[in-house]
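Before anything else, here is the set of structures, which you'll find just below.
Shared chain: subunit A. Partners: subunit B in the first complex, subunit C in the second.
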Partner chain A sequence: MPRALLLLALAGLVLLPFQAPSHITYLVALIGTTTVIVAGLAIVVGLAGQISIAQAGFAAIGAYGSAQLANWYGLPYWLGLPAAALVAALVGYLFGLLSLRVADHYLALTSMAFCAILQLLLVHLEDWTGGAVGLAVPPATLGGFTLDKPVQLYAFIMPCAVFATWLLNSLRHAKLGRAFAALRMSEVGAAAVGIPVLHHKALAFALSAFLGAWGGGLFALQTTYLDPAQFGILESVRLIAIAVIGGLLNPLGPAIGATIFVLLPEMMGGFGRYMTLVFSLALLACLVLAPAGLGGVVHRLWKRA
Partner chain B sequence: MLGQILVSGITAGAVYALVALGFVVLHRGTRIVHFGLGDQLTLSAYLVVIGQVYLDLPFAAAVALSLLLSAGFGVLVERAIMRPLRASPLLVMVIATLAIGAAIREGLRASMGPLPWPIPFLLTPAPFTLGGLVLVPANLAVVGVAAVVVLALFLALRFTRFGRAIVAVYENPTGAAIVGISVPAVHARLWGLASVLAAIAGIMVAPLITLSPDMGSIGIKGFAAAVLGGFNSLPGAIAGGVLLGVVETAAGVYISSAMKDVVSYALLIGCVLLLPHGLFGRAEARKV
Partner chain C sequence: MTATLHVERLGIRFGGLVALEDVSFSVAPGSIHAVIGPNGAGKTTLINLITGLYRPTSGRMLLDGAPLSGLASHRIAARGVARSFQNTELFTELTARENVLAGLHRHLHYGLAETVLRLPRWRHAEREAAAQAEALLARVGLADQAEVAAGDLALGQQRRLELARALATGPRLLLLDEPAAGLRAAEAEDLVRVLRDLRDTLGLAILLVDHVMRVVMQVSDRITVLHHGRLLADDLPEAIRRNPQVIAAYLGGAPHAA
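Right after this comes the complex of A and B.
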């Protein structure tokens, strides 16, 4: 996409909170949060080609981790969020190491079970997580200011989303991203040209978990209340749907998918309860008819014009 | 105590075994793990309720209708979605089956509401005692039906044209095609068969737990059972199901009922890591 258009979009993002009502600002910030989480998924599923149904679990680590670090130790978010994300990355790396022995369906199953276990622990370890009732998230403070207005959160979240998108784009052309791509094409081939397969698989999971947890922490700030039901397998599947509909190999894919998934239910109003059904069917249609995702469709139209 | 755990465990295990059989029957022939099979379980149980409540059918007729529609649904899924995706990467097929499950679940939630529905069962849930064991007729019926279904499946695979074509495709798809068996038709048949197995499990398990759109999460138990059994062995799936039921019940008694599910998911992960071929599966050569 031409550079001018991107700059225009960025300028729009900067100007938006000055013009739009706070509800719109909140929604766009929610798109930003979702973009960060899905960007992680785009790395592990899109670039590296490893199936992960655990992204909601990593988001939970970021959300609960940063909230509890603030609750227990009064750790400010600008420290707590990276800390939780690093822990998630470590967990992701270890999970990736385990994936040496499993591939394909078994990896999907294992990550699914992993996510289910995390969610069950959120429900049952009540002393640590608030249990099924949920957990109140303390607002973030920065140098005496409390970030609780949609505009303030927007200013905090959107740079993260832009950074995640930029990361995704530059990763594609970096050595690491090319190694991931080799892994996706053929593990044996990648090993033959000297790429340490196991380390890179684990790295892909670690990066994805880091972004997932980062986005989860931002999400916690936005919703101010965490419910374990938000971090199950179903949420992981929804995140995969966002990634696929946006386009797995398109750096703008997570942003496109997140925009659709956040804005459409808002615009549909009364049809809200059918939205998830519509999305599932749209995902199926997308897989059968446009496997490159809507991002890919746009890209193709662009080329043609 | 131990006897009681065995009895309760085998009841749960019988259901898991049927779900696991559904996974394995389909996977052996098509190489697809159907991540939406758990939700098809829910769909079939709802179809029984719909038949009874909205069409005023007697229980048996509603069950028959549900089984028929479930089989049709399976075939439809194969024709409309999986066949066009036949040549796509595995990742795409996994996501497609996940989406099928999500569509069923959310469709049910939107049309039938998020709250549980009562679903009747022929036998009384009132327990009786026999030799110190508390037995529930409804649970015994579950085990009985599962045993009959499994027996029928094995007989069908061995002695009918329908089943022998399936076994031929299991053994060697190319060879089967050469001797004139239509492999795509067998794939459609396998989707129908797996759907029916899931339907039977769903109709039997719905009265025992609650019938809500989220009942499909029992599918993960089916996965765990299938993985324990090696994922490519039919008797293994049954043994895995019963084993999982017993282990889970024991964990509920000896550890805590809250950690019951954690134990079975951990068993799934542990088995994938340490015993990738399960307890009964054979190692398969992987093409690179």
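Right after this comes the complex of A and C.
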């Protein structure tokens, strides 16, 4: 039954751009982008249990990185995006190694500082980033064609979102996902069965950074203009809220959370300025009432049905 | 024949507290070697030293003649040393099966790409691992609990699961920290059978820390007694039972004395 529902949803995603108006297509693609970024958090925070407030920073590496590789060297996105994501993964791995020196809450604070520093660099390294004024993102091209219509971006972004979700699902049935879960629950237990704990913490950060940067690069293509203000600590916290509300341990959690967080402001119209309040309350309610997130609620309902 | 484990003049201090000092003994291959002593004698500390959780301040440890000192915990595990914990360190939210699968971590050889693409290498490795996990769970009598979260198991079952997880790593030396504590008489009998079986069929060397003398005296090939971090005696069970020093320091006053 769940499988049939998922296939139906996939079919809907394929058909959507043919039927829906382009701003809906844009919004769904934005859900896709957010899903990719938040999937990274599902790995590092959800599976490995390491709180990271740096995800917006990794998204910035992907966004600015792929945009500038295109600006400076004319590197096409299908090369520039993976390159930026790999650099982010390396940075993420090195950051994860810090957990040898700082742990738990201190690691969370360190990740926050890391995010703040990256944002400062975006503002002050004007020659490289466009500074506070921002940076125009050159459109993606493919064999002479320019991909800038919502439908074209949709066709590029949604497979990435599906892949990220599939990756989360795959991790549950593999040694890597089990190692992440193991170190979350008992580091001494993990080490005692031969799992190198530090390496796997760093790997979780690397994977998370990779997905964050990949999603950031997709986001750049969608907004066409980058502003350092989009990649601060608040954005990192918003991403965590999406991950938590969607459900940290459910492979569909990031997609569920992203759907709510992208669509709700649209539907609230004039009440949009109360969004922060709404989300704070939603996050609070979630932590108290449904610690496994909405993904967990859906999962329970499915089981009962 | 070289000893499976040889501990030589081992010592560790925590600040001013000397937890272990000048402890030497050997665990023969394929033998069950008990380490006993009153609370705070340093038994858990000894296991933590052997598994790399603590660094010794003096002395050394050899596994099959090769030094262990200074290696990280996961490397010592890779050398073939597995353990259980006095207060279990299971992966509580994972199922019993997943706990054992985590124990098989080092024996699974496939990468992330093979996982995501569901390639045969991943499929075969996972299928084989699942069968191994099944067999190990059956071996410790948890075949019916495979799908239960480790945290939801009864204490005795958790102990057995930790044993299965340790066995999954494919050890040659097994360190058990009070596996019989809190077990009912029948469960303790089961444990005795399991330990003998592991020694006799797998040829494992087992270092057993426990206060339950009925179990210790039944299964041990040799016994080391610690007292205030020092070696009090190291002998055959019969001799330990009659050793006046051991009786005075431990057996005489111990509630579980046989």
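Just so it is clear, the second predicted complex is superposed on the first by the 304 of 305 C-alpha atoms of A that agree within 3 Å, B and C clash if a C-alpha of one lies under 4 Å from a C-alpha of the other, contacts with A are read in each partner's own complex, and residues count from 1 in each chain.
Everything that follows uses one rule, which is that a residue touches a chain if its C-beta (ideal position, glycine included) is under 8 Å from a C-beta of that chain, and two chains touch if they have at least 3 such contacts.
Please read these numbers as outputs of a predicted model, since none were measured by experiment.
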In the overlaid three-chain picture, which partner chain does A:211 touch, first (subunit B) or second (subunit C), both, or neither? neither
Taking the superposition on A as described, I'd like to know which of subunit B and subunit C A:51 touches: first, second, both or neither. first
Is A:195 touching the first partner subunit B, the second partner subunit C, both, or neither of them? second
Using the touch definition from the top, say if A:175 reaches subunit B (first), subunit C (second), both or neither. second
Using the superposition described at the top, determine whether subunit B or subunit C touches more residues of subunit A. B
Touch check for A:121: first (subunit B), second (subunit C), both, or neither? first
Same subunit A residues contacting subunit B and subunit C, which ones? 186, 188
In the complex, subunit A residues that touch subunit B: 45, 49, 51, 53, 98, 101-102, 104-106, 108-110, 112-114, 116-117, 120-121, 123-124, 186, 188, 233-234, 237-238, 240-241, 244, 273-274, 276-277, 279-281, 283-284, 287-288, 291
In the complex, subunit A residues that touch subunit C: 166-167, 170-171, 173-176, 178-179, 181-182, 185-186, 188-197
Any idea which subunit C residues touch subunit A in the complex? 51-53, 72-74, 77-78, 82-83, 85, 89-94, 98, 101-106, 108, 110, 112, 115-116, 118, 122, 126, 165-166, 168-169
Using the touch definition from the top, list the residues of subunit B that touch subunit A in their complex. 27, 33, 35, 81, 84-85, 88-92, 94-96, 98-103, 105-107, 109-110, 217, 220, 223-224, 227, 258-259, 261-262, 265-266, 268-269, 272-273, 276, 288
